[in-house]
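Shared between the two complexes below is chain A, which has chain B as its partner in the first and chain C in the second.
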Partner chain A sequence: MKKLLLATLLLITSVAFAAPQYGGTLVFGRSGDSTSMDPSHVTDGESYYAATQIYDNLVQFKYGTTEVEPALAKSWSVSDDGLEYTFKLRKGVMFSKTKYFKIDSEFTSKDVVFSLGRQFDASQPYNKIGGAFKYWSAMDMTNIVKSVTAIDKYTVKITLKKREAPFIANLAMEFSMILSSDYADQLAKKGKQGDLSKKPVGTGPFVFKKWRKDDKIVFTANKNYWNGRPYIDRLIFKVITNNAVRAAELKAGSIHIMDFPNPAEVADLGSNAKIKLVKQEGLNVGYLAFNQEKKLFQDKRVRQAICYAINTKGIVKAVYEGLGKVATSPIPPTMWSYNKNLKGYEYNPEKAKKLLAEAGYPNGFKTNIWAMPVARPYNPNGRKVAEAMQADLAKVGIKAKIISYDWGTYLKKSSMGEHDMVLLGWTGDNGDPDNFLNVLLSAHAAKEKPAQNRAFWKNAEFTKLIDEAKVITDGAKRTKLYERAQVIFEEEAPWKPIANSIVVEPMLKKVHGFKLDPVGKRRFKEVWLEK
Partner chain B sequence: MISYIIKRLLWAIPTLLGVSVLVFSMVHLAPGDPALVMLGEHANKEAVDALREQMGLNKPLLEQYYFFITSAVQGDFGTSIISGEPVISEFADRFPATVELSLVALTFATIAGLFAGIVSAVKRYSWFDYISMSTALAGVSMPVFWLGLMLIYFFSVNLGWLPVSGRLGYEFDIDHVTGFYLIDSLLMKDYAAFWDTCKHLLLPAFALGTIPMAIIARMTRASMIEVMKEDYVRTAKAKGCTKAQVILIHALKNALMPVITVIGLMLGTLFAGAILTETTFSWPGIGKWLVNAVNQRDFPIIQSTTLIIATVFVVINIIVDLLYAVVNPKVRLS
Partner chain C sequence: MNNNENKIFEFYKQFKKNRVALVGAYIVVGLILCAIFAPILTQYDPLIQNLSNRLVPPCWSDGGTFAHILGTDDFGRDMLTRILYGARISLVIGIISVSISLSFGVIMGAVAGFFGGLTDLIIMRIVDIMLSIPAILLAIVIVSILGADLFNAMIAIGIVGIPTFARIVRSSVLAEKNKEYVVASCVNGSSDFRLIMSVVLPNCTTPMIVQATMWFASAVLEAAGLSFLGLGAQPPTPEWGAMLADSLQFITTAYWMIVFPGIAIFLTVIGFNLVGDGLMDVLDPKLKEK
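Up next is the complex of A and B:
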């Protein structure tokens, strides 16, 4: 009985201990500053970090996943032809008041029409302000969205030019965030339209207070947030450019969470008694693409042989310094519809030699590997990866020359198909598999040059599956199609997938509730500080 | 005097034109399409075209240069491609931070350098001379970013005496009046913020000031030794001046000539050094901002800021020339 009592008591205390606490200031140390507070004009992650605190989208990614859930829109329906999306908006959501925006302004359909419409509708005054809407064009939205109209105060209809299931995920991206049209009008009256990108007004979990360029941004909790107030009272983004210095700040306890540690420093940080590490695979993939415009790579056996000949496990260990995971699929494991059953090509030089002999190259051949000149999240050192591959390939008789150009030239020449094999990768935009499989591997992406499909792989069956999945909105059915597409990918081997990076976020142990979002967001609504 | 100043200012025009041509061609002839570099893997034709148009890259190079230079003359330095803000207002936001850091570093370098140089010259071949001159040699040889990191590890992480980085603790908030936190905090009578600013300034100013200090010290020493051999110094001693009078009035004033030139030029070096120091200490000045702009190929920022810095440099040089005349009336402004 005593034991039971004790156990109950322990359980109660531990539950009480784990209960989130309100209050406190959290300082987030990051590597660069925001460039603008208008999320539709920028493409950089640092600007998005700030925007995520201030604004909401119609729909959002469920915390820590790539699944889309309702946000400012409480529900939506799609017409039978898949061209009309009708969104029912949440009622009673207010834009936060600030020193420069003092009126009561409820979020309604006109804000949606303003925020999305300005990005393609030339008749909107804000269409001409602040330069190009880069991400809108990068996500092909010009060719997807026909119109955005307000049906009534709380209903919005978006009409598409073509059927496009991933469109809903695009609405969860930063460029689709909802800004206040009342505020935009207020600024226009004063002729200060430029302030939209400096002094933001949103409905998000935090309210913007102050921005000292290259130094800090201060937010306070939005106590009236429609989805419940954040636990912390104040949030500060501090810019600390140097990775080692940022780590020093964390060790000194003057910041709570740090972004992007030096890979070499991660172990040291992890062994610190005050610090813990939160890890997750990034929404990216690094790959080696075989150019099928070159006759050599049109033979499936040659591609498979190279896949067997390259020891990705060794490469990930040596080059990624523990911050990478061997990839088997073209889509990362954190993405829905990732096919867990793919085995990938294990390291097997004997099998590689056999396949080469069957294909008529018993003594190998000469080729080239293009190595990226810059470090990217999915490949920290293109040169080193290429050198390791060169050594692996030499063992089966393939003599590969390493070629590199400056980054701009590299992207251009490889998109024109000048390479034999090219190292590249992709970081997901919207958490939708279409954003990897269609953009990088479909026949459409290889039709015209410059092409995103660096393998110039035009597989009819694969492309048909992707096209089919693109137009149906049923998630379960789409998953089936994408899983099947990944099987074809594995058999046909247009790429050798190399790795998905692992993102590590070191933070003080007293920080709780922080999750890394696969789409690269940093969210603080659920985060609380232990006192 | 006035005609001299006007002449010097006119001479500055070809210099600045040269700088503008150089920067413009470097930025525009660098390989790789900047629109492509900015968009990276995500570049599709539509996005690249939109960006090229916004950046004005569709126009011929000469036209782009003409537009850049005529706008700059009218005070329009363009807008940043990344943020869409006018370059000049972004620059003005950050410039005071760099100036404050550079001036504090220069003050520190001048005082410490002069002191070490004078004492070393007077007490030549003493232990003080050996120690200060070898320290100076070490100072010149040390890379700023390395020194900065070492200072941080020692004073901030291990000892915990000083803040690691930044310009002011996040708990303080002072209004931008002059942009110099030392002055603004005093204007607001927020003495805690003033003290915090001082603490934040200490390490970066020391790191940034080390090289100039070393150069000033060695320069002063050499110049003083030279002057101390002069007849007029012997005369001063002979007529019964105290040692302090001889050193400070008779010797130092004459020895200062080359040192002032060096200090003037050093201010330019300090701006350059500030780029590294600011990156190490996350100092929100133009150095760090410029590095970002280079990484992101933000043309307008790179071109205009270089032009502005070059202008500042030319103006400083003119001021140094005028100072010559103040220190040594023998120099005629002609």
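Up next is the complex of A and C:
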């Protein structure tokens, strides 16, 4: 009877706790520190984590999806020729005040002109400060954007040089975040322009408090946030480089959420009574690319044979520890326009042997597999994946040597085409298929070295489809074109897609409301702590 | 002939007295037997993967089976099999790198010691330079130049061992070269080459044997270290150091993947070191008297 009473009591309390609670400090344990607080100058995920808390974009990805929704821009319209975008800005949004920025400053069109304009307009003083705008150039924005102009205080017009369907999604990416022009002017007056990358001022859900390098960053809630204040009062980003140590800290309860657990430790963490796992299919793909500049791989049958010979199911089980899904397409299933009808190449060594014999290699051949030296979200252990492939290929007579370099050299040498087969992958960052298919597989991406198209695959038909899809804005039509492009990809087999990994974020059970973003952001506005 | 047999018997008697050295000798002999008879001792292949059988714990743990006494690794390969075949690799590493160190070290040391003067100065300064760089660092540099693979690692470890051998041989040669029997041979008209090869060197063998045994242990350890850093054996070679490196992420979930290769390295190194110590005791009478 007593037990029953207790159970009812517990039930009542747990129902009562279901409503979000305000207050508390949340500690997020992550593997590395930010390099800069100016998101336009950096490309690393850890810096973006912090920037996401401090700044806003004109448009943003809806929490937990790749759909774009209004943020600092209330609405926008596109001209008929697809070249002029007019944004109506949200009124009454204030930049957060800090110890080093005390004036009242409303967000207006001049902040947009400053933040985006400085990245390509040489007449802006901040164009010269802080080094290259890496992401802006990587996305080819200089060849896309003609001008950013303020029509009035709350209206901005962006004119493009050519039609670009993924443009709106690009504005939701970190490099397009909006910084304060008033603050930039204040710094310029003092001659301290460099502080823009150390002491940030933004409109975001959290306000920057302090940053102790390689240790922690402290944020407080922005109580005046335009989209409602965050539930937690304080947010701390703690750097703990070792994955195992981070897991131990989580078990001890000294951090609330941890990033990047060791795949082998996930099951153990999940079985802990205090810890829960939040999982999300990542917007990523790991692949093995066949270098078509090598004569061997110019024969389609050889590429197909290798696709049949590799047991990706086994690799997902052994190396991804089940935290992945076998991939069949170059774009992940969570992405729109993913072609569900692709069958992929099943594991079939007999078929592989037959194809090899037809191609003139009945006894196989010697080749190499390049294995990534680091763990990435799309491939937790390149060397192990290579080792599994090596064993699979040996069964059909192909002798593959595993080669590895340090990460920088690896990327450089493979972009110059020195490999036979190379393991690599990609995490999408604007939720557009163009960000995968064009960047990684089109003939444009193989034209000049260093090349992003590691297969050096130059298929005219495929590239034509991608180019067509890039300039039309009708989603249904684009989907059709991308689906056809994927069929060509499957037939031609420039890669063996391996897996789309599942991103796992272990956290204490008292943390609620956390969602993983497919584009790799970590957001804390909707997160609340149970007391 | 008879005299020789007596010598060996005498040596054996002396060696047997040293219990610790005897244990070392047993370990070494066991290791050699494992390496030779690996295919007979186990029914598995060290390279063939079996994913349905991955991460099986050792036979004494829950869920373990006697089919895999030491369990299996993350690709379902039998741990015991990989460790037995790993013994082959470690022995080959030891033999090849000791041969390299020994041959070059002896030549350099003998030449330096015998001729003296400028030759000695140049050779010994080179040796000093090599000694001033930490061994593992020098090995890493050499492997980075030659390219990461097991054979290059053996060469690198061989080169790293040269200076120690050169020094030991030089000092022995210095001690011997003015002795009467050498002078006598010289007076008889022996050439320099003959003097070095058949008169001086045979009388310097004792410290060389001891040093070779000791260096064998170091070579195994250094090779494991290089493989651990990804600069030695490449997958799927069942090299102990590489096995350690590959299983780091399993340290909390599958201890057997990391513990057993570690024990194998430890036993090998300690075995050869004990034998080396024992040999020194027996072969170096001066030390014995103390």
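The rule is simple: the second predicted complex is superposed on the first by the 504 of 531 C-alpha atoms of A that agree within 3 Å, B and C clash if a C-alpha of one lies under 4 Å from a C-alpha of the other, contacts with A are read in each partner's own complex, and residues count from 1 in each chain.
In the analysis below, a contact is a pair of C-beta atoms (placed from the backbone, for glycine too) under 8 Å apart; a residue touches a chain by one contact, two chains touch by 3 or more.
Only a predicted model underlies this, so the values are computations on that prediction, with no experimental measurement involved.
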(request) Would you sort A:Ala244 into first (chain B), second (chain C), both or neither based on which partner it touches? (result) both
(message) Taking the superposition on A as described, I'd like to know which of chain B and chain C A:Ser404 touches: first, second, both or neither.
(response) second
(message) Just checking: does A:Gly194 make contact with chain B only, chain C only, both, or neither of them? Give me first, second, both or neither.
(response) first
(request) Could you say whether A:Lys384 touches chain B, chain C, both of them, or neither, answering first, second, both or neither? (result) second
(request) Considering only the touch criterion stated at the top, classify A:Met416 as touching first (chain B), second (chain C), both, or neither. (result) neither
(message) Once chain A of both complexes is superposed, is A:Ile151 in touch with chain B (first), chain C (second), both, or neither?
(response) neither
(request) Tell me which of chain B and chain C touches more residues of chain A. (result) B
(request) Using the superposition on chain A described above, determine whether A:Ile103 touches chain B (first), chain C (second), both, or neither. (result) neither
(request) Could you say whether A:Lys317 touches chain B, chain C, both of them, or neither, answering first, second, both or neither? (result) second
(request) Indicate the residue numbers of chain A shared between its chain B interface and its chain C interface, in ascending order. (result) 244
(request) Report the residues of chain A in contact with chain B in the complex, numbered from low to high. (result) 25, 27, 32-33, 35-36, 38, 41-44, 130-134, 137-138, 140, 142, 194, 197-198, 210, 212-216, 218, 236, 238-242, 244-245, 248-249, 251-252, 254, 376, 405-409, 411-412, 424-427, 429, 450, 452
(message) With touch defined as at the start, can you tell me which chain A residues reach chain C in the complex?
(response) 244, 262-265, 267-268, 311, 314, 317-319, 373, 381, 383-384, 386-388, 390-391, 394, 401-402, 404
(request) Could you please specify the touching residues of chain B with respect to chain A in the complex? (result) 31-34, 36-47, 50-51, 53-54, 79-85, 90, 93-94, 149, 152-153, 156-157, 160, 163-168, 170, 173, 279-282, 284-285, 288-289, 292
(request) Report the residues of chain C in contact with chain A in the complex, numbered from low to high. (result) 47-49, 51, 54, 74-76, 148, 230, 234-236, 246, 249-254
